[in-house]
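Below, each structure is written out as structure tokens.
In what comes next, subunit A is part of two complexes: it sits with subunit B in the first one and with subunit C in the second one.
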Partner chain A sequence: MNPASRLWGNWLLAVYLIFFFLFLESPLVMILLTSMNKGFGVTFPPQGLSSQWYLRLWDEIRNIPGVKPDLVRATWTSAWLGVSAMGGSIVAGVLVAFGLHRYRFPGRTVVQQCFLLPILFPQIVTGVALALWFSAVHGVPVWARLVMAHLILTLPYVVITTTASLETLDQRLEDAAMNLGANPLQTFWHITLPGIRSGIISGAVFAWLISFANFTVTFFIYGSGVRPLPVWIYEVLQYLLDPSLAALSTGLVLLTLTVLLILNRVFALGRLMGQRR
Partner chain B sequence: MTEHVAELELIRLTKRFAQVIAVDRVSLRLGRGEFLSLLGPSGCGKTTTLRMIAGFVHPDEGRIVYRGRDITEDPPYRRDAGLVFQNYALFPHMSVGDNVAFGLRMRRAAKHVIRERAAWALDLVRLSGYEHRRPHELSGGQQQRVAVARVLATGASLLLFDEPFSNLDAKLRKEMQGELRELQQQLGIAVVHVTHDQEEAMSMSDRLIIMNEGRVVQEGGPGDVYRTPGSEFVAEFMGQCNRLTAHVIEPHHDPAHARLALESGGQLQLARSELGHARGRVSVLIRPEHIEIALAGAIRGRANVLAGVVRRVVYRGSTTTLHINLDESTEVLVEVSNPSDGPLAYTPGTQVDLSVPISAIRVFSD
Partner chain C sequence: MQQEQVPPPLTASLGAARARVRLPWPVLLFVPALLIIVSLVIAFLVLLRFSFNHWDPVHTMVSSWTLANYVALFSNPVVGRAFVNTARISAIVTLACVVIGYPAAYGISRSRGRDVLIFLLVAPLMIDALVRAYGWFVMLGEHGIVNALLTGVHIWRGPRRLIYTEFAVELELIHELMPFMVLPVANVLDRTDPALREAAMNLRASPWRTFVHITLPLSLPGLVAGILLVFALSMSAFVAPLVLGGGNVLTMTMLIEQQMLTTLDWPLGSAQSIVLVLVVLVVLAVSRRQLRGTAVFGR
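And then the complex of A and B:
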């Protein structure tokens, strides 16, 4: 391949990738434009720039009467739900990762795949399955249902990142600790845990973000008493096409992006998720 | 008469991995303050034996007795043997000081005891003042010294070394070997040292145990093992060795000596005691540094003189190795110390005479 055609090839690839990503992210682009639109509603091309929807969002947050109620409450619900899912995932996920990584037992590969299934399943399938199960098993309070469902969704991520960390850990460090007099519990606490700290923290942050942002599964099992933010937005959208929601969405996207960028900086996320270099 | 209890005793220790016998009925005794090296090629079982002493591998058969107490079933954290790893295994998220203090901390010693002993240990390895550094800030030699300080601080009375010098460059290696040996003698701590480097083992040890394929093949002081190897394997493992094939000439008149006919031509006279019961075809092993060399015709009045031609001269600074052809297919190495006043007079093609002292000849049956 001569230099000229290589240059052409690179340019074409770049153009293709730009359009591909624009297409993929076009819903987000639309939301961004709507939040800054002068007019009301989703129009294209936009009618001019304005920050009015962000100001309105700020009003809603401060719960001025006459404006949509419960935005703040929904946000707190999602935040605490996220913390619960995160906490449970950390405890269970570290144990699972440890067990799968350190011990060979018959059926190990199958068990390993089972723990990764929630990522592979379409969330609609998971949502419907859980809804059916909860209706068969009576009397599970809504918040418990949500925590359980979110735990199922977030556990695989903690397992993945913790396992990746475990694999980079030098087991001779644990041998050295035991040789110096540390029993297995002390070794785990003082040597192993600090060694896999980056995997646990990354997995935990992931878990919270995924729980906070989850719509599909949450939609199938939530109840009127507990309303996480994504389904709250959905409900409002049923009767009102309010661009301040676009402002809210844009804000959430920016928040998620920022957290992920910081996480990547601190913990080299790519390598934890399997990137080679 | 006082009963001398061995510091460490291994009694017929055996370990199998799948169908392979990694350690085959290994027995040894280690005296108080003794420096013992387990020496052998890769896969001979020396590292597995060491890991069994440390408690990381459970023996299939046999017992481990430490100061009269059977510790075979004890987990690693209840044994008193400090292990220095090949890659040092320093805890990267802790400072040097915390690394050294770790053992005592885990054993719940009093705070002032921990501080004192950690300072003492660092001082022993000449790293006082390095408490706040991190392992990754240190050089290889410094990291190794921290690893040694770390086990010394716990008050272990038995040290285990797993090829601890293999990651250091040649000069640093020799320095550290000397330092460590001096330290060990100063403290009087018994050591089991695993290595595949025979020079390293000889320079540091009171006693060597040569292992091959899971078994102990010879035991003894460095000089004994080097000069009187029990087998061809040991002879060739301990250092450079010339190997010649010969036939025993049936001895008649001389009760003290015997004669061998070399396949490459010529004869060698040796002590009858060295020949032992060997008859017929034998292997003759001679160390390169024991052979005397001179220009052809220059050696007079010696028993074992062989004629040869210089094929290659290898200059090594302090010594020169000469490759001599006895005949077309037999090559012999001769090692000579280099004189101070100039190069040796040998070049490829020079005719030379080699003289082999009777005491330098080792014979093994084929």
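And then the complex of A and C:
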């Protein structure tokens, strides 16, 4: 192929990529524009800059009468739910990833895939099945139900990131520790765990984000009194398109992107889906 | 296990004599995670059991062993319509993801800023589904950017109502599921040997011929993985039809939601959930080989 047409091809590809990523990021950009729009609601092009929707969001945060109540409560619920799910799935996920990596036994691949199953299981079915089970077992508090459900959702991510770290860990360090007289538990605690720190931390962050943002499963399980943020947003979307929702969403998008940007330095996002480095 | 009884020869390198860290009672390592997975399995078994129950308007659910719910899935016209709608939406979404995503994957795998692009590709996935759906709400409104663009270039005469239509649901799903198409394809393209392409070009094959005979066949496993993932995920999509369909778009998941929360016909809803799981898992199981190493299936 002659250089000129190759150049043209590359140009075409670059222009295509620009449009492609405009498409991908457009909802996020539009949320940002709407939150700063002077007019009410969702107009394009925007009618001028204004901070009124952020002020209204501030009203909602302060829970003054006349706004949709309980924003702060819902946010805290989601944040703590995320922390609980994260804690549980870190313990369970790190242990099982270590076990799967170090011990060979028949059916190991199948077992490994079982632990990744919740990712591929349709979330609506997970939600419905858990809701029905909980309806049959009385006396489980809503909070415990939600944590249970979110543990199921977040465990696979911890297993994936920890396994990825274990694969790059230099096992000679462990050999050295053992040769120097450390017992297996000491070696695990002082050598293995610090060695796979990056995998554990990324697993924790993914777990928290997945739990914080989950709607589908939560929707079937949440109860009165315990209402996570995504459910709160859904209820607002049901009856009004107040642009203060855009202000809130902008905040959530910025929060998520910041966390992901920091995380991306430790654990490239693409590796979550098999991208190798 | 047998081999480790034998003491390694003294001359063996450290690597070969590796005494891996083995904790006492290794089974304990699996217990917490097993508890979590087993609870999903139990819930699923409850769902399975409920799907054989009988429903009547007065007592809601009556314990029994009947296949009536599964028969109803095939005889009930509403369920049939939901199934056809779901299949159509999934097919359209998958096709659009292939057409839009393939060139993007090709571009990403050739680009120098690959890490940044992959971050931009995956980041929207991690954002709250409701926030993403709200973004589309904003874009598809009567004064939103989609209407503004399409009337602006005179494709449409005036603004159209887009929210609460099947089009809105499809657009959201194309956006949401695009990474699941692009990443497997980009992964495979990354791993193909550029020498093959160059050889074809040196033999004076046109770019088009090179693409059709070299690049495309080599990327086929990734493409198949992407197609199956996107199809399976759009079949089980929930937020998009709920928020952007607003009751106008009847999919399998919307029907399940209705039966679980509105009509409270739990047995029928359970039977439907079982069928949905089976369809999705069969699609994914058939494609296990293609998915290995590309998707979340591990290596």
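Here are a few things to note about the model shown:
One rule holds for everything that comes next: the second predicted complex is superposed on the first by the 257 of 277 C-alpha atoms of A that agree within 3 Å, B and C clash if a C-alpha of one lies under 4 Å from a C-alpha of the other, contacts with A are read in each partner's own complex, and residues count from 1 in each chain.
Everything below uses one rule, namely that a contact is a pair of C-beta atoms (placed from the backbone, for glycine too) under 8 Å apart; a residue touches a chain by one contact, two chains touch by 3 or more.
This structure is a prediction, so every number in the text was calculated from the model and none was measured.
Of the two partner chains placed by the overlay, only subunit C lies in contact with A:T126; subunit B stays clear of it. Residue contacts after overlaying the shared chain place A:S51 against neither subunit B nor subunit C. Of the two partner chains, neither subunit B nor subunit C is touched by A:T258.
Of the two partner chains, subunit C is the only one that A:F21 touches; subunit B does not reach it.
Once the two complexes are overlaid on the shared chain, A:L180 sits against subunit B while remaining clear of subunit C. A count of residues in subunit A touched by subunit B and by subunit C gives the higher number to C. When the two structures are aligned on the shared chain, A:P194 is found in touch with subunit B, with no touch to subunit C.
Look at A:R172: by the touch rule set out above, it reaches both subunit B and subunit C. When both complexes are aligned on chain A by C-alpha atoms, subunit A residues 172, 175, 178, 184, 187, 191 touch subunit B in the first and subunit C in the second. Residue ranges of subunit A in contact with subunit C, taken from their complex: 1, 5, 9-10, 13-14, 16-17, 20-21, 23-28, 30-31, 34, 41-45, 88-89, 91-93, 95-96, 98-99, 102-103, 111-126, 128-133, 136, 148, 151-152, 155-156, 159-160, 163, 171-172, 174-175, 178, 184-185, 187-188, 191-192, 206, 209-210, 212-216, 220, 229-230, 233-234, 237, 241, 245-246, 249, 252-253, 256-257, 260-261, 264, 268-270, 272-276.
The residues of subunit A lying in touch with subunit B in their complex are 170, 172-173, 175-184, 186-187, 190-191, 194-195. Against subunit A, in their complex, subunit B makes its touches with residues 54-56, 75-77, 79, 81-83, 85, 87, 89, 91-93, 102-104, 106-107, 150-151, 154. Contact residues of subunit C toward subunit A in the complex are 14-15, 17-24, 26, 28-30, 32-37, 39-40, 42-44, 46-47, 50, 100, 103-104, 106-108, 110-111, 115, 117-124, 126-139, 141, 143-145, 147-148, 175, 178-180, 183-184, 186-187, 190, 201, 206-207, 232, 235-236, 238-239, 243, 253, 256-257, 260-261, 266, 269-270, 273, 276-277, 280-281, 284, 293-299.
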